[in-house]
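The structures come next, written out as structure tokens.
Consider the two complexes below, in which subunit A is the common component and subunit B and subunit C are the respective partners.
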Partner chain A sequence: MSADVERERPRHEDLVDERLVSWYFLAALGYMFISMLGGFLMGFQLIRHNPLRGIELLSPGRWRMIHTNAIAYGFLANAFLGALHWAVPRLALRPVLDRRLSYFIFGAWQVVVLSTAVGIMLGQAQGLEWGETPVWIDPLALAGLLLVAINFLAPIVRLRGPMYVTLWYFTAAFIWTFLTYAMGNFIPQYFVSGTSAGAVGGLFIHDLVGLFVTPLGWGLMYYFVPIMLKKPVWSHGLSLVGFWGLAFFYPLTGIHHFLYTPIPMFLQYGAVISTIAVEMVVTTVLINFFVTLRGATGALTNNLPIRWFYTGMVFYGLTCLQCAFQTTLTFQALIHFTDWVVGHAHMVMFGVFSMWLLGTMTYLFPRLLKTDWYSRTLCEWHYWLSALGIGLMSADLIVAGPFQGYFWASLLPWDVSVDFSIPFWAVRLVAGTMMFTGLLVFLTNLALTWAQARRAEEPAVLAAAA
Partner chain B sequence: MSTPISARPPASTRKQTLTTIVLALIILVPCLLGFGNKFKEFILLFRGDVDGVFAITPIMNYLLASLGFFCLFLWAILQGMFRDLEQPKKTMLENERMLDDED
Partner chain C sequence: MFEKKSGVLLIAGLLFFAIAFLSNGLVPILMYKNLKEKTAEELVQGNGNLRYQFEDLARRYPESFKTAFGTPPEETAAREAWLNQKCADALRRGRNVYVGEGCWHCHSQFIRPVSNEDRRWGPVSKSEEYQNELQRPVLFGTRRVGPDLCREGGRRSNDWHAVHFFKPTMLSEGSPMPEYPWLFDGSPDKPNERGFALIAYVQWLGSWQESYPYYKDYQASNVKDVKLK
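Then we have the complex of A and B:
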């Protein structure tokens, strides 16, 4: 590979389409705003003050699906695609297959996400958690995922020699995401039903987290953390143990969402065992990153993206610790259907992956706009409101869960558990408000930074014109 | 100009290698035993109870995905992808430095 580098001497501007990266990030932030606005309004509904009462198209059931889909396919997918357009060409030292294809995928993906939102509002949701995408959009979405895989795999497969762990994660993610989406959206819809469909649904929900966002997220961490710390990851060998461990153990974990169901117990136990295996794998990954930080802990205070990243890793460790409890049969009987699970889901999606992507944006936007952030203080506010907000929300819901479970087990009327939960849901609303305010602060800072970049550009443009 | 990273002594130490092997064994051995045992139970159920057939779907999904990655793993070994485990992390940083210097 080094001989190729000497011959070609690739330049950043030939590899990375910065405009496209910016577009993806802006689209992602737009969807995040919609999703968080939905969550914010839903928070009022939980404390019996639904601001959208009587508007059928915006009923809580529909808004909930828009909230989750906008984060998964709107924010996470767009932000990951933007970051991939930066990272993959720089790692492979080759551009993506075709820039026109990249722009086509960008447009097509926005059509898929917006159509999903419209379909859900019109009551066409598919009966599968996180697979609510209306059935007529599924083939388009799958075709889009195939094009994404082709576009990004083209530069990767041309590499020769040992490959950096990030590219292993990305390669797997392109394949897994396509397969996972096909499995979850087509098999239960057209081929199997009943318990079998339930088992596939369990695999889909969990694999969407573990085989779509997890490999992309960790891949980005293995790329950005060493760059920012200016030192390589502690052990590349250990990072490969983490990758192959995820590849072989993760796909069977999904059934741990269906403990005590008619699915045969050996499958449920198998899911528990593979979950424990994944816990061990996660431990190796966390050890690797925290040992890499040794001697550079000052970055946690000075380097904001690094702080976002490592906060996300702490939350990742906590969510996996939760998983260890959740997969024990006795504990699962208590917390199933309670707010414990909601707290867990928010900690994974916001506390881990959104944190990593917001950290990535905090690092990349100044490079894309060729100027520093307008206000470092606003960046700090964004971080602290987000980190404290998600910490408070997760803790609140995780504490509420076992209480709700015991209320239900005691066979008291349902209303009693709801009345008990209201204070917890009020705290949840406060936490959500903090996170939403953090996003608004970030958007404001971004707009001011963009204006600052435009002002800096003007003299150069005028000079060139003269 | 600073010394190129690749010219420095290898960062991989005996301790790192040992840690990697120990962690790999801790993960692999119990999980392979557990999975093998449960797969045996599955075969017994499949032979004795027709209703157990529906459990094939998730198992087949898993086995197909894992088979693909097992083939990829073997291909990677044959391609020498794991010959120098620590070199890619240095090459990555060198390439990043080169791209940023060009900027």
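Then we have the complex of A and C:
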């Protein structure tokens, strides 16, 4: 009998390797720091005040790629892995396949990300957007993703009966991420060129967002939001619609990154229609989460992680609304190639997913360190600097975009559009500084909290020793 | 099915992904499978515009050219073949530099049929133009901080490009384009191997267009006047 209970309700310590979760989070924050430095370099270059110009290893073009790759594979992937090591075992009631494997993956992944950064810095990037990882690292990264899938799928597969929503998203994401990475990094490099490579490249860019980041992100939301609000998600039916709609339509949208290219027009139309379908699916998910909040809106003020999450969801709604417009050919003609798209990308990557992960960290660090945040005020500063920063940055770039588009279409000399953009690029730099300051505040708070945890531990250790 | 492992794994994870790849990825692959993919050597063959620019590089910067590529053979036919091969190598290398420096994040390589782009840059891009090894993966690009480059070849002189890459603001006041002094040995008139390669690559872009308005007539030469001491 007691053995049964033990099996049914395993202890948290046997499930979750808390040290590993902290390590992943720390690595993630380190890469966010690096990524933002890269952003600054390009930001200063654009307003023509790059203080470090003419230095090969610090070339803004290279650091622009480190900027995006460090966010995707350094920050997002590490932070997700940390959160997965917390959530998956607790949901499946079983630990991951093998603890040593987990640590091996941790180490291997840091090697992959660091060598990606160094490779790009040395000028060895691959010509695939969001996949600039030098070609010699690609097989290693792919093997890493396979191990991740095996390690996490092991407890999930042994689960009996229907799974909770979160696990649908996670399970599919493990498969999709692996397939996406393999498709995008190998097919256009080794098997096809030209227009066909472009079609596959488009699928890759979008699947990376739609099939790696998005399902992991929503999986975490379905897990943490009900726990924090202490009530179930409003509608199970809408969860089903959300998941299956995403699974079907999202993979079909990639070519919308290359509208008006020589890629066959009927495929472009298909991508446009699927994209609009995705937006409708997304609306159901948002409705579900916002209705869940009904009667608990107080959490937005006094529960900081919930505020991070729901702010992310508001941004999610905005990006998707934006997307429904920008995917149409009419809009594309104007805004493609402009800062509108850059604003969109920042809103998705920072405004949504980084917000969710920073919220997750705000929630988990006190549990990992067994102490409250050193300063709640600093947490608030982190939130407000990040939220206002990203709001300002995306608004600024999204406004600049259509102007740039009209300048180009008007056939005025190119420099006119550049000169016009300079004030907008200056504002984006201010916004970036806010976000960066937010990160520094968070890191400071974290260091102080850690010190506080150490101090709390010492008397206990002494007492135990006595 | 909708909440079971098997459904999620097999239908959402594998099947839907496969449907998307087959319909969006495999269809264009099959549609273009008869368009032969050209090698860099084939791109150089018969492309007088490009060869003209390459020889021009040899003529303008003879010392640096020799350091970067070596000395050509004496005999005319051998010399032709040598120049062709060096030019093809330069294209490949130039493409790597272009990718490694992230030029493609500020410059697109396709002309759309909208937004007056054909009036600004030239003919709308076609699929055939991309069926070559230098478009692996394709460099369409998704952002334009600077102008599109797929009709750039022949638009500017080699000297212009050299100075521009060395320090863009020397030619284009207030340009936000970064400087690339490491493509040169100290000054714009001394490109190194990477510098030559990048200039050749940029001069190649669009050089296959018969109609390019900026090209002078090119007469095949036996490059007698290329003096490589």
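One rule holds for everything that comes next: the second predicted complex is superposed on the first by the 458 of 466 C-alpha atoms of A that agree within 3 Å, B and C clash if a C-alpha of one lies under 4 Å from a C-alpha of the other, contacts with A are read in each partner's own complex, and residues count from 1 in each chain.
One rule holds for everything that comes next: a residue touches a chain if its C-beta (ideal position, glycine included) is under 8 Å from a C-beta of that chain, and two chains touch if they have at least 3 such contacts.
None of these values were measured; they are calculated from a predicted model.
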{"item": "Subunit B versus subunit C as contact partner of A:Leu159, first or second or both or neither", "value": "second"}
{"item": "Partner chain(s) touched by A:Glu458 [first = subunit B, second = subunit C, both, neither]", "value": "neither"}
{"item": "Contacts of A:Ile273 with subunit B and subunit C, given as first, second, both or neither", "value": "first"}
{"item": "First, second, both or neither for A:Ile263, with subunit B first and subunit C second", "value": "both"}
{"item": "Subunit B versus subunit C as contact partner of A:Asn50, first or second or both or neither", "value": "second"}
{"item": "Which of subunit B and subunit C A:Ala125 touches, first, second, both or neither", "value": "second"}
{"item": "Contacts of A:Leu411 with subunit B and subunit C, given as first, second, both or neither", "value": "second"}
{"item": "Touching partner for A:Leu93 - first (subunit B), second (subunit C), both, neither", "value": "first"}
{"item": "Greater subunit A contact set [subunit C / subunit B]", "value": "C"}
{"item": "Footprint overlap on subunit A, where subunit B in one structure and subunit C in the other make contact", "value": "162-163, 172, 175-176, 179, 183, 187, 192, 194-196, 199-200, 202-203, 240, 244, 247-248, 251-252, 254-255, 263-264, 267, 270"}
{"item": "Complex interface listing, subunit A residues touching subunit C", "value": "45-48, 50, 53-54, 56, 59-62, 64-65, 120, 123-129, 156-157, 159, 162-163, 167-168, 171-172, 174-176, 179-180, 183, 187-190, 192-203, 205, 211, 240, 243-244, 247-248, 251-252, 254-255, 257-258, 260-264, 267, 270-271, 333-334, 336-338, 341-342, 405, 408-411, 414-415, 418-419"}
{"item": "Touching residues (chain side subunit B, partner subunit A) in the complex", "value": "5, 11-12, 16-17, 19-20, 23-24, 26-27, 30-31, 34-35, 38, 41-42, 45, 52, 54-55, 57-59, 61-62, 65-66, 68-70, 73, 80-93, 95-96, 98-100, 102-103"}
{"item": "Subunit A to subunit B touching residues, read off their complex", "value": "1-2, 5, 9-12, 15, 90-91, 93, 161-166, 172, 175-176, 179, 183, 187, 192, 194-196, 199-200, 202-203, 223, 226-227, 230-238, 240-241, 244-245, 247-249, 251-252, 254-255, 263-264, 266-267, 269-270, 273-274, 276-277, 280-281, 283-284"}
{"item": "Subunit A contact footprint on subunit C (complex, rising order)", "value": "2-5, 8-9, 11-14, 16-17, 19-21, 23-25, 27-29, 31-32, 35, 37, 95, 97, 99-106, 108, 110, 112-117, 119-120, 125-127, 129-133, 135-147, 169, 172-176, 178-182"}
